[in-house]
Every structure is written in C-alpha cells, then in structure tokens.
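Order of writing sets the chain letters: A, B, C and D. Residues in each chain are counted from 1.
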Amino acid sequence: MKKINLTIWNEFRHEKKHEEVRKIYPDGLHRTIAGYLAAEDLDIRCVSLDEPEQGLPDEVLNSTDVLIWWGHCAHSAVADELVERIRDRVIHGMGLIVLHSGHYSKIFRRMMGTECRLLWREVGEKERLWVVDPGHPIAAGLPATFALPNSEMYGEYFDIPQDGHIVFMSWFEGGNVFRSGVAFQRDRGKIFYFSPGHESYPIYHDPNIIKVLANAVRWAAPAKIFPDRITPQPESLETIRTANPYGSVH
Amino acid sequence: MKKINLTIWNEFRHEKKHEEVRKIYPDGLHRTIAGYLAAEDLDIRCVSLDEPEQGLPDEVLNSTDVLIWWGHCAHSAVADELVERIRDRVIHGMGLIVLHSGHYSKIFRRMMGTECRLLWREVGEKERLWVVDPGHPIAAGLPATFALPNSEMYGEYFDIPQDGHIVFMSWFEGGNVFRSGVAFQRDRGKIFYFSPGHESYPIYHDPNIIKVLANAVRWAAPAKIFPDRITPQPESLETIRTANPYGSVH
Amino acid sequence: MKKINLTIWNEFRHEKKHEEVRKIYPDGLHRTIAGYLAAEDLDIRCVSLDEPEQGLPDEVLNSTDVLIWWGHCAHSAVADELVERIRDRVIHGMGLIVLHSGHYSKIFRRMMGTECRLLWREVGEKERLWVVDPGHPIAAGLPATFALPNSEMYGEYFDIPQDGHIVFMSWFEGGNVFRSGVAFQRDRGKIFYFSPGHESYPIYHDPNIIKVLANAVRWAAPAKIFPDRITPQPESLETIRTANPYGSVH
Amino acid sequence: MKKINLTIWNEFRHEKKHEEVRKIYPDGLHRTIAGYLAAEDLDIRCVSLDEPEQGLPDEVLNSTDVLIWWGHCAHSAVADELVERIRDRVIHGMGLIVLHSGHYSKIFRRMMGTECRLLWREVGEKERLWVVDPGHPIAAGLPATFALPNSEMYGEYFDIPQDGHIVFMSWFEGGNVFRSGVAFQRDRGKIFYFSPGHESYPIYHDPNIIKVLANAVRWAAPAKIFPDRITPQPESLETIRTANPYGSVH
C-alpha cells in the first residue's frame, strides 16, 4: 500500500509564548494532531514556521500529498514565494486542509481569490456543529451534531466562492451561524477548510474533531500528482478547411 | 436614471505595432467596442495600459461600475498594486468582464485562484458558439448558435473554479470545445469571462459578440458599491451563559 | 412598464379551522402578504386550494410570472396534474417562491428531485436569520441579521441539491441551524425557498420578511416566458464527411 | 473485501428487433458491458425490462450498490412505482449511472426535476470527447481527448440543474457541443450521466468508453446505504427560554 504523505504545518508561536496554550499543546498543536492521526496508511511529518525555509523546503513540499495548515498571528511572516510554491503544488494535485484562523492565511486567500473574512468573537462560548452532507466522506462516522463546550465564534458573512461544498455548519451560543466545514476543488487539488481550532481551547483533543481531520486527509489525498501541462496545440485533431484571410500576428 | 459607469481597458499595443490589427481596429479595440456599446444608460470611458497610472488612477477606478479588460502580450507589465486595487473594487461590488487572452491576465487569475490555462491554436479556424443557458440575461436576444468565420482556438481543459456558470460553449473546426462564456461571483462583485476576441480578426465588429458584451455590462453592474466590513463582533446578540475556564490569549 | 403578474397561492385551511391562526391572518395569509407587497409594478392575485381547479386554472397559471406557494397540511390534496402544469410553466420561465412548509409540497419536491426533508420542532423558539450573500438581490436593503421572536424550528440536514445558492442561514435558540433562504434555477425558471412562515406566528407581518418576499418576486420574475423547444436537428450546421457504415435504426 | 453489487439494467428491445443491433450486441448491450467490466471487486447482475417486475424486484434493487441504466424506445413502459423505488434507493445512497438516451428516462428526469431535453441527430457523425476535469476519478487513466468514429449527436442546450459537475464535453462533426459526462449528487446518492452509447454503433466495445464506465461504478459506489431519517425533533439540544405566547396548532 502506498502511504499518504501528510505534512502538518503549524505557525507554532502561541504555544511558545503563552503558558495557557502550552498547557493544552505542550509540543505544539501540530504534534498533538499528528499523535491522534497516526495510522498505518499515513506518513506524517510535523513542520513549523521558524524552521529553515519556513518548514517547507522543496524536498518536504514536493513529497507531500496532503498539507494541513494552522496559522494565526504570523500570516504576514509567511514568504510570498512559499505561498506560490504551495499553490503550485495544489494545482498539480496536493490536498490542502486549512484550519481555523487559516481562513485568513495567505495561502487560503490566494487559492480562493476573495478576502475570506468573517465575524469573530473570542469569549469561549459554546459551538455546535451540524453535518449538512451526511453522505460526504469527510462526515463519515460522525454524529448528526456535536458540541464544543468552548470555542471562538466565527460567523457569517464569510466571503468564499460559491462552489464551496458545505459539509458542516455551526451554531454559536451568542447567536451566530457559520459554514464551518467547506470543501473546494482548485484545478486538480482538493481543499478543505474547517473552522474549529482556537489555540486556547483543547479542541484538537476532541475525538469528533480528530475524526473530521482524519476523514479530510483521506478525502484530500490525490490519486497522483499531475505533470505540467502543455497548452499550445498548433496541430488540429480534425481537418481545418476554412481559409484564414487575416494571417497571424500572434 | 442612474447611468452605469463603464470603463473599457485595453492593453492597446497590438494596434500600434501591427498594421493588420490597426486596419481592423484603427483607434484600438476598446474604442471600437465603446462605439458599438454606446447607449443612454451607459457612461463609457476608454483607457489603456500606456496612459498615466496604467489608465486606472483612483478617480477612474473608484467611479467605475463595470470594467471591461482586454490584455494579451503585456500581462506582466500591469502593476501588482493595480491588480490589488481592481480586486478590492470587485470585492466591494464592481463588475468585471474579462475578454479573450485576459484569461491569463493577472487580475483574472488573481480572482480565480487558479492558473486559468487552456489549449490554444492560432490558425484562423471557424468557431461556433452555443447558448447553454438560454434564460441567462447575458444570452438574452441571442440565437441558439452563431459562428465566427475566423477565430483563435481556445480549448479545454480550462482550469477555472467549479462555480463558473456556463452561458456559452464553443465548437472549433479543428476538433476542440471550450467553455467560452462563464459567469462568476466573488464576494459582492460579478465576473464574466468571454473568450472570442483575437486581435487579428474583426470579432468585435460582430453584432452577436457586441450583444453579448452589452448584456454582460448590464448583468455585471452592481446595485451599489458596498462599504468596508467590520468583522470583530465582541458583543453577542444572544446571551452567552457558558463559563470560559480558559481565558483569552487572542 | 410591463407589470409582474404575481399569483399568491395559499392552502388556506388553517385560517378557517383555527381561531388562533385566524386572529393573525383574518383573510388568509395570502391576502396579508398581498397587502404588504402591493406596489406599482405588481399585479397581484390571491388564490387558494378550495377554489375551482384548485385556484390555478389555465387562464390564471398561464398569465402568472411569479407564483408564491404556501401549503402545509394538505400537500397530498394538490392534484398531480396541477403539479405538472406548474412545473411546465417554471421550465418555460415562471418564477416560483416556496414558503415555509412548502418545502414538502409536491411542486417543490418535484422540482428538486429529492425528498426535501428537514428537522422540525414547533415550540415557538427564537429564530435569527443571517444574510450569507449580501450582494444578492434578494438580500438588498436587509440588515446583516434580524430575529423572529417566535418561530417553528426547521433544521439541517435538508436534502436539497447542491446548486442551492444560499442567501440566508438561520440560527435557532434550541441549537439548530438551517439554510433558510435558498435560490435555484431550473431550466429557464427561478425558484426561491424561504423557510420562516409558520401559521401560528405573525411572521408575515414582519417588515424584514416582507422585504425578502418583495425582493424575491422581482428576482424571480422572468424577462419572458420562453416558447416550446424543438430538439431533433436532422440537418447539421457544419459539413459531415464521415461515412456511416452502420445505417440508422432509430 | 466487500464487493460492489452492480446491476446493469437494459431495456433490451432494440437488440431483439433489429438485426443490425444484434450483430453488435448479440446478447444485449448490458451483457456486453458486463463482460468488459468484469473484475474482482464487482458482483455484476444483468437485468432487463421484460423480466418479472421489470428486472428489479426488491431483492435485486435492495441489494444493488450501483445501478447502470440504458433505455430508449420504452421509457414510458417503465412503471412509475419502479421509478419511485429506484429514486428512494438513490436517496439512501445507491449510485446511479444513466447512459445515452436514458437522459429522457423517467428515473433520470425524476431525479433532476427538469425535462432533460437536448438536440439530437442520428447520421453516424464523428464525436470527440474531451476531459474537462482531469483530476476527477471518472477521468482517471483516460487520454485528454478521444474520438468515436460514428455516434449519434446529442447537443446543447441540455436543461439539467446547475450543479452538474462536468467531467466530459463532446465535439460533433456537424457543429454541435455537449456536456457528455456530468456528475450529480442527490441526497446521499451519486448520479453520473454519460451520453455516448447509441445502439447502432459499437460504442460499448470501445476501451475508453468502458474505462469511463469502470471508473464511474467505483466513484458512484456508496460507503454504505443509509437508514431512514427521523425528522421531528421535539426536544431541543440547547435550552429554550423564550416564551411562546401563541400556543401550537401544528
């Protein structure tokens, strides 16, 4: 069996700076997620922003099948050149799973073309998720609804493109609603955005959340990474009989 | 009646360099299009790349309701900063109509998030367009099918997002097919891509093509340009009773 | 100005049977809605199930541009033949606005192809609507969010097709969420489903709800009703040179 | 390994009536397809219209994971009751692959809600298919384009819902284009329509066509068949504090 090469990228700064966050994720939330996701069909690497080449040198990125992305306070520190390399890899087939505040990451906004803004409130209110497409592979094995006792509110209006396939919607105690799990395809790559995951709460210790991530990794994994495309096609496949009185100045 | 402020942006270099193109569009194809589109409900401005601020200083862009974009050989000359200003205006409601080789313009690719590549062949073969959504306002008054005697081939696979609403599909003599008229929405702005329009052929003298553009301008015109959004929402609308044992480190 | 012919169809049985409902809608909720929607550009007719030909004889249906549908306890009483006539008119361009429990009407389920089922609870809890596409014409002039003090809960999972363009999403006090305003296109006709509207509460007296309906009528109104289509096309538009060694047994 | 239960339903009348068709498909096209699709992970059954219960008694239909449907001259002979049973099974998860003239079958039109009409011409012209989504599992292993030397023309406008995910588009020698491979989801079931397959031509002997069908069967196979849903939810998950001054007359 060919394993899925999963790379989990974490900004990994909150955990170093804040005692409260470190208590929940002592080695960084990427390693917590990696621990829970560990499985026979996955080869998992954990990388972070302050490593060489921001954790994604060519040899890592170009052998990644699915990339999980968690970033928050340091979006602007991510090199534009890295964003383009990631985008290029998605275009060729790599899966991309963007978590929580990654909605405002350079890479997610770059892939969407829009601003990807949303209402937010950080007071630890209750969030309740609902499965909106029970037949979707990312919802497999999950209950129709499940709650997170404390969460950051992310609310509509969320300016994502209209082809977002909604897998989860969230209810917030404070009166907001949100498309909290949304699947996209961009060229040959799959993208899944999943909003729960504020660093102050033990959300990545929740079995339902981990189940969503586990499903999403398998869903986003490409059958293959596609080669580059050649687009000029000077020879036609069918006979052209029309005269061209204008010549070509291309 | 409030008029629609339409700005037609043309790269305007082929017309200066090539006698063959100048014969077809003596004053630039933007002015040819403007002449045909002239109507009571439109205020039309023609601008081009080699004008100050590349033709779109703030006072022009910020009073534009719909922007038509034709570019080809000088995509890379368009300033990134201008691309961001245009994108920002689309996000707030401005309509954007991208023509022909504009599929590979910075602004279109920026809005789509993908590479927007396609097969192409420039031998002047016949193109035949089909209306794929007869009820769509951009197809109003058009025949079910119409032909262009000479055209550049643009063919699938075209890597645009899946929410492209297909209004026209094209048949090419040499055996290719293409989604030649595709409508998108990005945040509050509408975008229409329309592929016919190679500079060597008198395509913008064709009444059906002009009809498509005329329809597209009205379709893309916003009811209004929206103000900036405020996204932090510290006060909830419904009462939050859940205790937050974690504090906030946002 | 050509007026929009709006026909409001109401089952009109709850109002006759229940004193509580009659207090809120003395002449039937269709007439309440008609009173609020009255405007220069609309010609409004009110019809109901127990009228001849169930309120929609040919001369009414075939002169209707937009049909509003409210039904609940008597879905099965609607003649299948009438459902097909309505569907045929939508296919040719008529707009259809389906309200509240009409999610389970024969006509809505016929247009969707799915069961259109949803969770429900009738205890008069609070509902809060959110605009999910502020640029959509049906959301024009509405606040980002507004509440209904008492409402029937309609909740996900709602098994509608994936091309439903979400204009509103609802939050319910009891913990549910719902895609409460969803726009579709079927052939040349537009369809809008809007869920608030239980007969026991004065929901159609709410100015925001009326604003949604007023917007939806203009959005759904067709530019024209299309003629029948002819689909055999024995003569080709381009020359066919391929030999057919098999003959035709069509 | 759990095998996929594939049932291939064929109208199976042309083959009996027409010598020319029988030459190409001596035992019926369903058996030809079954022969080519035979594989370790599939349990294949071949059934047809003139068998008891029109080939799909409960014990067959209710153990089918994916149903392939080919019908043409006898659409109206299919019992409405069978159509509803098939639809019910799709709603619960069964995959449905509709071939060629099945675009006008009762079951396909029932699932789509629209008329599903298209232009057609039966003169044996050349058809060329293009892959429009190279990353889609149904396109796996297929060339970017491939031709059928003789085919029936099916052309746009095809009035299917807007969420049809286009996998293949076709070019016809006579000047037409068509969305020839389109994927849908309806509730928990997947549906794929694939247009090539006129009975007079040996299309189901073509290796590319068979590859498409083989891919489509795996794509449409459900992870599981879902149980019935319960939709009244009288008990709320979150506490409701709002008073209901209106009572309930549901």
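In this section, contacts are C-beta pairs under 8 Å (C-beta built on N, C-alpha and C of every residue); 3 or more make two chains touch, one makes a residue touch a chain.
Nothing here was measured: the structure is a model prediction, and the numbers come from that model.
The chain pair with the larger count of C-beta pairs in contact, out of B-D and C-D, is C-D.
Look at where the CA atoms of subunit B average out and do the same for subunit C: the two points lie 32 Å apart.
Once the centre of each chain is set as its mean CA position, subunit B and subunit D turn out to be 36 Å apart. If you average the CA atoms of subunit C and of subunit D, the two centres end up 29 Å from each other.
The residues of subunit C that reach two or more other chains are 126, 128, 134, 145, 155, 157, 162, 171, 173, 175-176, 185, 187, 237-238, listed in rising order. Viewed as a network of touching protein chains, the structure reduces to a complete graph with every chain in contact with every other.
Every residue of subunit B that touches subunit A in the complex is listed here, in rising order: 14, 18, 20-21, 87, 91, 110-115, 117-126, 149-150, 152-153, 155, 157, 159, 161-163, 173-176, 184-187, 199-201, 229, 231-250. By the touch criterion stated above, subunit B contacts subunit C in their complex at residues 93, 126, 128, 134-135, 137, 140, 145, 147, 171, 173, 185, 187-189, 222-223, 226, 237-238. Residue ranges of subunit C in contact with subunit A, taken from their complex: 128, 130-134, 144-145, 155-158, 162, 165, 169-172, 175-177, 179.
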